[in-house]
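Below you'll find a set of structures to go through.
Each of the two complexes below includes chain A, the first together with chain B, the second together with chain C.
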Partner chain A sequence: MLMMSIGQFDVKPAKAGFVAKCSEALRRGLSRPPSSSATHPTLSTNHNLEENPVKIVVCMKETPSTTVEKSFGPDMRIERRKEDAVINPFDEYTIEEGLRQQEKHAGSEVIALCMGPATATDNIRRALAMGADRGVLVTDPALAGSDAIGTARVLAAALKQIGFDLALFGSAAADAYGGVVPSAVAEFLGMPLLSFAGKLDIDGSTARIERQAEVGYQVAEASMPALVSVVKSINEPRYPSMKGIMQAKKKPIDTLTLANLGLDADTVGAAGAREEALSAEKVTAQRKGEIYMGNEGAADRIVAFLVEQKVL
Partner chain B sequence: MANDVWALAEISNGKLAGISLQLASKAADLANQLGGSSAAVAMGTNTQAAAQELGDCGVKTVYASEGTVYDEYLVQPHVETLAALIQQHQPSLVLFGATNYGRDVAARLAARLGLGIEYNVGEVTLDGGNVVMTITAFGGSQSVKATFKGEGTRLLGARQNAFPTVRVGGSASVENVPAPAAPKQGAKLSGPFGAEGATAAGHLGKAPDGHDIWLPAVTTAKLEEAQIIVSGGRGVGGPAGFEQIEALATALGASMGASRAAVDAGWIPYERQVGQTGKTVKPTVYIACGISGAVQHKAGMGTSGLIIAINKDKEAPIFGFCDLGVVADLNVVVPQLTALVKQRRG
Partner chain C sequence: MDFTLNDEQRMIRDMCREFAEEEIKPKAEELDRTAAFPYEIIQKMAKLGLLGLPFPEEYGGAGADFLTYCVALEEIGRGDASVGITMEAHTSLGATPFALFGSEEQKREYLTPLAQGEQLWSFGLTEPNAGSDSAGTETHAELEDGYWRINGAKSFITNAGTDMTGGVTITAVTGKQPDGHKEITNLIVPKGTPGYIIGAAYHKMGWRASDTRPLSFEDCHVPDENRLGERGDGFRQFMTILNMGRIAISALNVGLAQACFDESLKYSRERRQFGKPIKSFQAIQFKLADMATEIELSRLMYYKAAWLHMQGQPFTKEASMAKLFSSETAKRCADQAVQIHGGYGFMDEYPVSRFWRNVKVHEIGEGTSEVQRMLIAKNL
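On to the complex of A and B.
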């Protein structure tokens, strides 16, 4: 699906029209409204914590399983095989957090949003098996080779169309480890991002996080709609249950193309990327040092080694 | 101007992060090579002191924007100021740290101004006027060379310790820039909290949610600058297990680190995390205790001078990239080692 990382594309003012100023239209969404949206209170309504349905979109990406060998094609894109594609491990925590918030706020909806190849429906289905209500896949041949900012542009447009109170992201993806998509999406939407959340609370129309800091944590809060990126310490993701897997088969997955989102092909994909990979090589372990077996004498051996190396 | 190189300094609650000086040093170096001028942008509180330090590292100009708004809101005020400066002066390259702060600022800038952005950069070379970057991906298992395409300012995110701090004894001319108003829809920030545990002696404390966590001594902090680091991973067994790791670190005059497994388990604060999503370190000696050695960990410590690994599991990947691998129980070896080191050092 996507190229390694790499880049960005021109934001021409004429094409930046979709950059949303967050509005009621944005929050409610423009496309097929979910069945729950009729009862969904507006954010101006003063609602209580326990009866505060929120529309949550969890953003997920497919990444190659971390255990498979990586190889690059002649176009310098990672060769992504369908059978190796898993939900980005960071995003499992995102999905889980969406589901936990839904459990706390009755009547909430959780939508799994993914940009990727048509085959990504398999992994969206896994998010639905965990408990998400429905899926949205953005797929288009022109998206291949998108860089992080191109990806963010597409996700922003999709989020705008779906509408949301809270959009959740993983803090990075286990491929390029860029960690820049959530903040770029927030910029395209003109919204705050509560980043690196180790804890999330929704209180009325306010989202509040404990933000991972060098020492201890910070508290950050914003009015919804807002974006949140989560770190792995926030929860422990569940496995899909058998019942969940069966139910997931009946849950809807909508597909969106660039045309549906009103985006030009030259602003995304390889055409829109502002970076290019020149070469790639596997990093191999270059050290094959001495191996010492057993507890007996191990500490002495380490001391002797440190002395040999003039550290002690 | 066309060949100017800037560094984005990182200031939090009046404190300049060490990576800022690495970026400033590299910005001065690259600007020299390109025949342009160098600058740093310092936003937050205590910026005049930061400007002196940055100037010491060779940048010619520091754009200093003093204001509490930068401490009160997450990155949106920074982006306002920086976007305006970039549009006004059009530097060729802006270096930022691939830290939480750097990523959040640079991503918004790239989205707003349509700039090229690269991150996790470990090396930069100039090939003619072209910037060629070496980047790690897939948790450090792949190394990619990349360049920018298209016009305009480029944003380059450097890993911690990718560039050395070089103090040349310079002094920058300071241009003061007004701070923006608070964002209408911003992420309001307060804290840090839960940092009270950072005291002289490491001890077992409570995390905000009530679970036990090892709160290390401040004397074993400063991973990025340490000559020796002793790190603990899942094999340490729990928060209390870090007591013996810290005892060894203290005996060696070392800093103490941890693997992500230990941080994610909530055993030790994130500030100690070494690896792809934590700190990148380059000590003379790195001692990994109970760390299996996932590629993500290696990405943060693989360039250490000497690597010593202690692990019960002889199949642990870390034995594939160490100089001395000890297949043993760390609960036996680490206390013995601490005692021997203390003996030698009298």
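On to the complex of A and C.
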């Protein structure tokens, strides 16, 4: 049921020497408008502060901090503690990208959307401190135990209610690594998803991304409203500034329940979940060491190892 | 009684902790080794508003309260003491005098670029012959045709000679009071004023990446409009500044003590002797328990002193108590941290030897432990 609706394609190799052969060959088989010609080294046609306000919703999830010890509950799900909850590290790039697009397109609005427990306002507040204009929290006791599709159903309903030109997602969450929520939301909304964006440009009513692949990068574009999932190489997230933190408390966070979204409790949460965790096991760190003895040419082997690891 | 930090205080603490962990700690060893001023870090901090935390937004500050500033300082100091003292000396000693005693014009001209972190500023009180005895100030200034002619020298002045430094505010003897005591006035001396000579940076045992210099004044002229507040108000002004500064220094002490604890806990989990991690031995556990207890107490002491100040209540005694106890706590923590690390603690490859070198000045700067005891005794 998961489909990705994508606009026109172009494929451009990342390595310059590769461009002539590869992109020509690929281009011949693809129909694409002449305006986004591969002769442009980059596709960024936007200028700073151009008048093209965009309503951007950045979707964020609370995940347990990557540095804390994880444990599993009887339902095979990660046990979550409020004090360990941070913004999913992937979503920091999402928020940052929303803010960067806002800086490029004067008058744009950035809204942080999160589905989570009532205490998730703390992390929404962090997104506001980074610079988002307002927050929306979808919270409801019936949401506990939602699987990826349930989560997508809720986010889709919330996005529809909020309205947007662009909805940004992280490419996955650091707790479950399912990575299907953005596509599922796109399916629920019947809108295009530009996935795994390493670069995003908004040009008029078109969103265009570059997606890094092994031999080059693909260029995909779609008319807005559209969804975009971003990868970590897209930017470097900012720290919230002191003024940002001081201002964050004055910014509104709206709370939505299932009733507000018109969703039935049995289509979401544990009740509506079609995913079932069959088992969960902790990853055991394996320490792999090799011991070289002095009389076995240890020095040479260590040097060879260090060269291989590019230490030397 | 409520010991909970509010939302902003927690967010600023967490952000500073993250910044210290990611941006400061990885560079601390190199900064110490090369004694290079941390321009890159300071500029990042400026951009985030960390150099103007407690000042009003209308003068480019973040509008945070005094406790928030101290909590931020603790976290930055936990990352590195040199960066911490740079932030503290700039904020508490450099910028605060303008915020408290400056005219509207002085606030616009001087405080705003400092709060925005475009410039650093220093405060010159200590002299070759006037350390703990600040009444022994010899630098003097005479008013002639609307200009102060300054002659004298200052010692150990933090942030005086960086590329970002805008200038120094100094204490100078400007006459005699009716009771025979020296009349002290604070004067603003921008960098580049003829006759204002900034000496070469000292070579130091600790705080090595911070900028510390001797200054001298040879017929240095500044206009009377560079007077901070009233003539003769200098003594009262610097006592206020030092009192508040002691709370901030206490926060830095706690940051350093906490860094000693962090490294000790980490090492005692990793290091194995007699077939077990050394944290399983009571000898190590007791050291860690003592460190954690004294750190908690020190933190509460500076929280309380900051709170008293924010309530507009007297806080001199509590500020001195906090400074005294927290600096000696940091000293004991640094000492035990090296002890827990054993032979490795004596080597530069672990950060605790740097902590041990850094901590000594915490018992000296902004009032020695002996001066704190004098102040506490005077207020009993």
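By definition in this document, the second predicted complex is superposed on the first by the 239 of 312 C-alpha atoms of A that agree within 3 Å, B and C clash if a C-alpha of one lies under 4 Å from a C-alpha of the other, contacts with A are read in each partner's own complex, and residues count from 1 in each chain.
One rule holds for everything that comes next: a contact is a pair of C-beta atoms (placed from the backbone, for glycine too) under 8 Å apart; a residue touches a chain by one contact, two chains touch by 3 or more.
What you are looking at is a predicted structure, and each value in this text was computed from that prediction instead of being measured.
Contact with chain C, but none with chain B, is seen for A:I245 once the two complexes are overlaid on the shared chain. In the superposition on chain A, contact is made by A:V181 with chain B only, not with chain C. Applying the stated contact rule after C-alpha superposition, one finds that A:D201 touches neither chain B nor chain C.
Number of chain A residues touched is higher for B, counting chain B against chain C. In the superposition on chain A, A:D84 makes contact with neither chain B nor chain C.
Within the superposed three-chain model, A:D254 lies out of touch with both chain B and chain C [touch as defined at top]. Interface of chain B with chain A (complex): residues 74-76, 79, 100, 103-108, 110-120, 132, 135-150, 152, 154, 183, 185-198, 208-209, 228, 260, 263-264, 266, 269-271, 276-277, 284-285, 295, 298, 302, 306-308, 310, 314, 317, 319-329, 332-333, 336-337, 339-341, 344-345.
Taken together, the chain A residues at the contact with chain B in this complex read 4-12, 22, 64, 66, 70, 78, 147-149, 152-153, 171-172, 174-188, 190-196, 199, 210-223, 226, 232-233, 273-283, 285-295, 298-303, 305-306, 309, 311-312.
Those residues of chain C that touch chain A in the shared complex are 7-8, 11-12, 15, 18-19, 47-50, 52-53, 57, 62-64, 72. On chain A, the positions that touch chain C within their shared complex are 122, 125-126, 129, 239-243, 245-246, 248-249.
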